[in-house]
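Order of writing sets the chain letters: A, B, C and D. Residues in each chain are counted from 1.
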Amino acid sequence: MSEEREPIRVGVLGARGRMGVEVCKAVDAVDDLELVAMIDQGDWLFNASDAGAEVVVDFTNPDVVMDHLHWCIDQGINCVVGTSGFTEQRLERVRSWLQHKPEVGVVVAPNFGVGAVLMMEFAARAARYFESVEIIEQHHPAKVDAPSGTATHTARVVAEARAAAGLAAMPDATKDEVPGARGADLDGVRVHSVRAAGLVAHQEILFGTVGETLTIRHDSYDRASFMPGVLLAIRQVIQRPGLTVGLAPLLDR
Amino acid sequence: MSEEREPIRVGVLGARGRMGVEVCKAVDAVDDLELVAMIDQGDWLFNASDAGAEVVVDFTNPDVVMDHLHWCIDQGINCVVGTSGFTEQRLERVRSWLQHKPEVGVVVAPNFGVGAVLMMEFAARAARYFESVEIIEQHHPAKVDAPSGTATHTARVVAEARAAAGLAAMPDATKDEVPGARGADLDGVRVHSVRAAGLVAHQEILFGTVGETLTIRHDSYDRASFMPGVLLAIRQVIQRPGLTVGLAPLLDR
Amino acid sequence: MSEEREPIRVGVLGARGRMGVEVCKAVDAVDDLELVAMIDQGDWLFNASDAGAEVVVDFTNPDVVMDHLHWCIDQGINCVVGTSGFTEQRLERVRSWLQHKPEVGVVVAPNFGVGAVLMMEFAARAARYFESVEIIEQHHPAKVDAPSGTATHTARVVAEARAAAGLAAMPDATKDEVPGARGADLDGVRVHSVRAAGLVAHQEILFGTVGETLTIRHDSYDRASFMPGVLLAIRQVIQRPGLTVGLAPLLDR
Amino acid sequence: MSEEREPIRVGVLGARGRMGVEVCKAVDAVDDLELVAMIDQGDWLFNASDAGAEVVVDFTNPDVVMDHLHWCIDQGINCVVGTSGFTEQRLERVRSWLQHKPEVGVVVAPNFGVGAVLMMEFAARAARYFESVEIIEQHHPAKVDAPSGTATHTARVVAEARAAAGLAAMPDATKDEVPGARGADLDGVRVHSVRAAGLVAHQEILFGTVGETLTIRHDSYDRASFMPGVLLAIRQVIQRPGLTVGLAPLLDR
């Protein structure tokens, strides 16, 4: 895997936050990465450059992340960003900064769960081959939105793949429905949101054609599950100049 | 199990119908039952009595089933009935006929699937011990009603058990819902109806409490699955004078 | 449910252990119980009696639990015990102590997970009605034994129920088997042990008969899941003089 | 999708066999294909050429399929072959025949289930991103081999993908194992074979990494499920000169 090189030197911004703590542990646990700076509120950013960080990982908050990014790009430090709030406008701003530093790489991803990203990719791939598809997402009862963001995104991806393949509407003879039984209709794809104590975060995509079904299910229990995706991004960002949005392109090989 | 006795002599009404054919095959395949009469439209009912049938199985239709029952009870022949359309009124009529023949047994069941009956029983049993419960039923897309009859019945059974145990409403923080996402509300129990090509008839009941979930799932593929229930009813009806409604009482031991 | 009475006064032994901490939190969180003593190594047992504890919960260790129990019974304090290591001999000793204090109740349970107990009960109930049954248990890869203790116990319970019902051996035409493919044979019941990163503790019991399957699945993520069972035991032990082994009898109503 | 052209003219060899009957029905049911010849034992092959068949579908048997193929290629008729028994030697023979007819296309596939093919593709894709993977296949109890051919193939594909990515062995602390509990070891991948009445043909591939699992499940109930794959092959073979092995390449776009 690893052509012999020195460990990649990594700094973590937001190092005392919930995700930052996990990132520090994960970086520390592998041989090909070295944790050289842990920075949080009140610390100086240039601790990262002083420590010779090649990659900075940012799990902070939307108010400060743009300043962090601007500074890192300026310093020629590659960035892996999990902080939320990246609108198309913000991404455009990052791209313009990168024009002046074409050798720097930035990965911005809303979700570092490899399983979730693969689930989405498989859903897009399978969609064109099945007459029917429905999504069942299951979460803890403290969740405020239904369907979940991931389910909404999956429905869109699936609907686009079906449209591109010229598929007809799904068969559905339902005439006599208690309101809500058939779930939410997102772009023609039915999504069902289950909420129950004991659940964490789960999603199932069911594809069916006469005589067979194919089910893709993702169960996520712990933010530790995001770490393989973060490590993957750290290893790749130093070889990917420019802006990369989402984890999917990093898996494309 | 079987105290040595002669095989039970069985007649089948509606012997050429879809269910009747299966019943004939199933009776024929076991040693402790003997198929003595196969009767369908145009045949004489008294073929059953002439053949010495001790039990008659009726999978015919609502228009004729009451005549069949009246005649069988009169002849002192026990009955196992899977024909649909039994209202409380009809059941009352059967009870009144049986008063004159107290030694005769009649079993009327809307569903002879042992798995479905056990699922229902387990659901009633588990309901009081979990904070949350939701039902997900999955059927082929030609189904007209949503939720299914079984799911509706399950929801009622579960809601009653929760009420009897004095449970509070389930936790659910949903504020931002795309209409239908959270399913149909049946007596406070959420039911989700999935319809897809490739599915047959499936139901899942999910119970959850902090840190654990218990799931009961029933998958039914084939009307052959009703046969163990029919055979069970045949074996028991000769020892159960009076009217028995549903398969559940026959499993109670 | 709750006839108006004062909250039950509860003391916890092993209050700083992993389970003890959870018990203290759980007792504290409900209105009908009052946490009056938290006792750990180095504290005096009679803090519990001084505080007027009606029930003592013991999650300590096998070396000291018998002394605790002897003392509590002597003091007339009811006990709920989750500490492991209870052989038949030890249970016999507890019974003999209770003869002198017939009004005291003791509940000793190896597992306070209500879901697991119900799963076992349902398995025993369903076993006699299906031709086939197999067990699939799934755990984290740090687990040393395969199958799990719960799966082994389930297999025994299922095998006994099948034997009692006079069922024949399960159908299985396997002739050409890669060693291990068909799982472990426990009393004629096949058990499959899956081990994978990301799993916690899961078990599935699959019952099948021609045309249908019934599946009972338990997923357990967190020791918080044992708390409902502990609370149930606390509430019931004050009305159950004598020794009760296992949680099942407390659910029997 | 379909640029306006005349329906593709299709002949079916083995038209009275179990699969052949399904193929005839499936071809007949769509507008862009026309069933022009149904040929079985005792019929002349040249009925197909006389009827102007552009594609011949062959579900016959290993003894005769090579003669059929030779004749069709000679006649310039494209072939879709589901008959089993194709060794590398036989495939080489077909390739040599095709050299003389470079415009003819032949698709030979051991499995026309699109779901199964996608499952395999997804498994190969996901394998490198997860620490652990296990396979659970579930079939009816009349099956002779364990694991199934599909599971064996999946294990090989997964093992190769892990090796190519340089993954370490999976974590597994099992020390105390009842023989068989951990399944069969195929190239380092554990495979569990469940056999139960009521099952048809099912397979689950479980991928896990700390904090998350990704599951791909395929349920197949009916040979009708192979028809979308057969139709896909018919539509593509006329544009794919040369030999194509397996359905996967036809899905690659």
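As a working rule, a residue touches a chain if its C-beta (ideal position, glycine included) is under 8 Å from a C-beta of that chain, and two chains touch if they have at least 3 such contacts.
Just so it is clear, the model here is predicted, and its values are computed rather than measured.
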Decide which interface, A-D or B-D, involves more C-beta pairs in contact, and give its chain pair. A-D
Please report how far chain C has to rotate so that its Cα atoms sit on those of chain D, a copy of the same sequence, as a value between 0 and 180° in steps of 5. 180
For copies chain B and chain C, work out whether under half or over half of the interface numbers are shared, and give different or same accordingly. same
Average the CA atoms of each chain to get its centre, and name the chain whose centre is farthest from that of chain D. C
Centroid of chain C to centroid of chain D, CA atoms only: how many Å? 47
When the C-alpha atoms of chain A and chain D are each averaged to a single point, how far apart are the two points in Å? 34
Taking each chain's centre as the mean of its CA atoms, how far is chain B from chain D in angstrom? 39
Residue numbers of chain C (touch at least two other chains): 130, 198, 207, 209-213, 219, 221, 225
Parts of chain B lying in touch with chain A, wherever the complex brings them together: 130-134, 136, 138, 141-147, 152, 170-186, 190-199, 206-213
Footprint of chain A on chain D - complex, ascending: 1, 113-116, 118-119, 121-122, 125-126, 129-130, 165-166, 207, 209-228, 251
Per the contact definition, I'd like the list of chain B residues that touch chain D in the complex. 198, 200, 219, 221, 225
